[in-house]
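Presented sequentially are two complexes of chain A, the first with chain B as partner and the second with chain C.
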Partner chain A sequence: MSPLLDIRSLSVTFRGEQAVRAVEDVSFSLAEGEVAALVGESGCGKSVVAHAVAGLLPPGAAVSGAVLFQGRDLLALAEREMEAVRGAGIGVVFQNPSLALNPLHTVGRQVAEPLRVHRGEKKEQAFAAACRALAALGFADAPGLMRLYPSQCSGGMNQRVVTAASTILDPPLLIADEPTKGLDRDRVADVAGELGRLVAERGTALLLITHDIPVALALADRVAVMYAGEIVETGPAREVLGDPAHPYTRGLVASLPENGFVPIPGASPSPVDPPAGCRFHPRCSFCVDRCRTERPALAAAGRRLVRCRRCP
Partner chain B sequence: MTDLNRWGVGLLAVFVVMALVPQWIAPYGPKERSAPYQDPSADHLLGTDDIGDDILTELIYSARISLLIGFAAAAVATAIGLAIGLVAGYCRGAIDELLMGATDVVLIIPKIPLIIVLAAFLRPGFGLLVLVLGFLGWESIARIVRSKTLQVRETGFVMSARCMGFSPAWIMGSEILPNIFQVLVPKFMLATAAAMISEASLSFLGLSDPTMKSWGMMISFAFSKGGFIREMWWWYLPPGLCITLCIVAVAAIGFSFGGDDAEARIE
Partner chain C sequence: MTGLLAKGIRYAVSLLVVVVLTFALPRAMPGDPVMNIIGEDVSVSPATLDAIRAEIGLDRPVTEQFASYLWSLLHLDLGYSYHLSAPVFDLLVARMGWTLLFTGIAIVVGAAIGILAGTVAGWRPETKRSRAVTLAALAVSCTPPYFLALLFLSFFSFRLGLFPFKGLYDEATFGSVVHHLFLPVLVLTLFAAARNTLIMRGSVVQEKGSLYALYARARGLSDRAVLFGHVLKNASLPIVTLIALDFGFIFSGALFVEIVFSLNGMGTLIYDAVLGRDYPLLQGAFLVIAVMVVCANLAADLVYLLVDPRIRRQGQ
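And then the complex of A and B:
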């Protein structure tokens, strides 16, 4: 069976005074009901991949490759067709829930809105469905909540409201872009639990974009680690993050507080002018001459793919 | 509500009442005549004009046309400016440049001379005057709506609305429009004031429909029918004062909506 989402050698370049090569040759697939995480530090291109899938890149972006969703290439769709896919086919949960809600509309209206736009449902019908969706997310007083404005709700409530609005059309694929960014530890656990329960209950596939490795480990079946616009290691989450093969993944895991807070030396390379050869070589402690000139390909190592001369 | 706002609303309310129910306030009917060129007296508080009409009555009945033209022209201007500003700000790119280029062109047209030329050729009635004033007054509204739209379209909720697959028209109408209403109201009021000034100038120059009694028309008649020569200040001063006060009231309401307050509320 073909996968639900199949990203094939996706490259994204932002043209400007200098071309920024944000994503290069990323291939990644997601089966129905599967949870996969794209992890990496800020600026590694993981959000750009998410935006390319949702068709939300700015007009100046040059995109090549293919993003197949349910067998259709999303990159080839016209904007109008893409509108139908968004919301109904692909739901997106944003990082800041309080900003993702219009301050001038009630919670109820915003949760019901997708139903009214996509299915042309009547107001009463859509509001009743929104009310059920909110109740299902654990709100005791859903009818009361419907009448509140986002500013009258707590951040946690808004997070669940956003989740309710993004999933009310039951999309087969949910993209969560940094859902835990800027939250304290307790809230991170809440949000992760919420997403986990949602995908488990409905069989929704989830593409989790995060820099939060514990969250990725808790939720994802599979993980892809990105560095400087390319995937450096991908495979089952527990294997990749439990026993990393690529030096960058190793550094990432070692920099976690529970693993001793060891930083990776150096800084991320500029996306305008990435280093020749292996992009990680200036920061890699295993660097040899070959790494400086020769760009390694993703090579199979057991159940994973690794982009490093030392593997397999 | 600021003091400015309260004063503006109070003052405008007086004029609106004059416009809505002149027959309740005016001492005479619009067609009642007495001796011409009378000085102010107990019977005629502001005297009578060249054909024996009571000037106070005329003043009260003229409020209707002045206000109606002001608000109707502002409504036309706001509708055009809103549509152009929203589309330009939301679509950006070539559409934006085209629309803003057109806006700049309209902006540099000298308004009053053009209106005079149009009025001279087209013998304007109420509808034409409203359309002409409306079509020449939308540029600053379009600009401010565009800049606000550019700002609001980058917010999380517009992004999330796009993610839900809402169409651009829906997003502009349902997500962005309510959030730029704060800048639209003061602009509408200022456009009203501008239209009223233009209407008064045109009427004074005798270029509008002479059967439409407005304050500008009253000054025009006072000028041409001997009011100025006879120094009948009670004839030409009150309509001038009414125009000024009405515009001050409208502008006061507009200003009290704008500024930091509105900005803060949008944030």
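And then the complex of A and C:
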């Protein structure tokens, strides 16, 4: 069976005064109903992958490769065809839901919008469906909530409103872009629980973009670790994050508070001028001469793929 | 409710400051206020001066003068112009209608054009069309209105002979008024439109980059739907403030345009009052304009309450 989403050799370059190669040769796939996470620190290109899949990159971005969704290459679609995919085929949840909602429109209108845009439903019909969707997410007073504006709701309420709006058309794929960034621990648990329940109930595939390793572990079946625009290690979440092979993944896991807060020395390289050879070599304690000149390929190691010459 | 109350107090204080300033200004001028009022080109005896001084109440304490000033303001008595031998209030009312008419048209049409042009320029700022619109708006807004008025007058009236040179009308018909007012209204409209275009452009550029616009696209809305359904309304909010501010600005701009086109509006009245040192008239005109600007700002605040739920919430 072909996967629901199949990203093949995706590269994204932002043209400007200096070309920024944000994503380099990323291949990743997602089966129906599967939960996978792209993890990495800020600026590693994981959000760019998500935006490329949803066709939400700014006009100045040059994208190559292929993004096959249900067998169709999304990168080859005309804008009008892509509009039909967004919302109906692929739902997106952004971090900071309070900013993702238009402050001048009521909550109800924004949740009902996909129904009106994609199915041409009448206002009353769409609003009734939106109200049911909000009630299904646990709002006791959904009709009252429909009339509120985002500024009258708490961040947690807006989070669920966004979730309702993004899933009201039951898209087979949901992309969550840093859904837990900037939240305290209780809220992180809420949001993770919310997403987990949604995926389990509806069988939606979830592509989770996160820097939060515990959340990725809690939700994802598979994980891909990104560093400086590349995937450095990918495989089953428990294996990759429980017993990391790539030196960067090891560093990432070791930097977690529960593992002693050990930071990786140095800083992420500039995407304008990434290091030659292995991109992680300036910060790697296992670095040998070949790492400085030869770029390693992703090589199979058991059930995972690792981009390192030193760890088979 | 406390927010509304605070706003109300703020406006009341601004009004009070305006009134105090217009009261203090002629009294702080160098020279004898009475001489200022009646003008330097007349010679009167000291006895007459004292009589006028007593009539105006300048021989009484300042507090008493202020109280009586407030009292006459409440009765719409803005003083008497000795130059034009008429009550200031009547003079202003007679002229204000015309100025309000053509600045009003310019403000409304200019805002509409500015919102449209600014949206075009801001939505795809990299295109040639957007750059042309921005450049044109920048050029017009940098040109003083009176200079623009002179250019238009020399081109359309002198060269092409399409419009009359001066005045509000030849005969009091609608067609004649339109014919006479076309150029001045055009100049002020262009000026207001250019300012609004620049503000709107910046606002659209900012709003289209916001997360809610991206999220609207992510829900499957077309570019057009994102622009007209989401960005346009949010981006138009600063225009409301600008219109209120423009009210004062356009008014002063109208002054010079009125002079260029010899229109008998408030601008020419003020201009003549400045040249003739008609202090009571100037004092009254300043007060009326200041009150109008304060009212325009009050109206803008009320409009915000209507269209922006975030502000509505603060007000509650």
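Convention: the second predicted complex is superposed on the first by the 312 of 312 C-alpha atoms of A that agree within 3 Å, B and C clash if a C-alpha of one lies under 4 Å from a C-alpha of the other, contacts with A are read in each partner's own complex, and residues count from 1 in each chain.
In this text, a residue touches a chain if its C-beta (ideal position, glycine included) is under 8 Å from a C-beta of that chain, and two chains touch if they have at least 3 such contacts.
On a predicted model such as this, the values are computed, not experimentally measured, just so you know.
After alignment on the shared chain A, the placement of chain B and chain C results in a clash.
Of the two partner chains, chain B and chain C are each touched by A:A100.
In the superposition on chain A, contact of A:A165 is made with both chain B and chain C.
Look at A:A126: by the touch rule set out above, it reaches neither chain B nor chain C. Once the two complexes are laid over each other on the shared chain, residue contacts for A:M146 go to neither chain B nor chain C. Common to the chain B and chain C interfaces on chain A are residues 54, 56, 59, 80, 83-88, 91-92, 94, 96, 99-105, 113-114, 117-118, 162, 165-166.
Note for the complex: chain B touches chain A at residues 92-93, 155-157, 159-167, 170, 174-175, 178-179. Interface residues of chain A facing chain C in the complex, by the touch rule stated above, are 54, 56, 59, 79-80, 83-88, 91-92, 94, 96, 99-105, 113-114, 117-118, 149, 151-152, 162, 165-166. On the chain A side of its complex with chain B, the touching residues are 54, 56, 59, 80, 82-88, 91-92, 94, 96, 99-105, 113-114, 117-118, 162, 165-166.
Note for the complex: chain C touches chain A at residues 126, 210-212, 214-223, 225, 230, 233-234, 307-310, 313.
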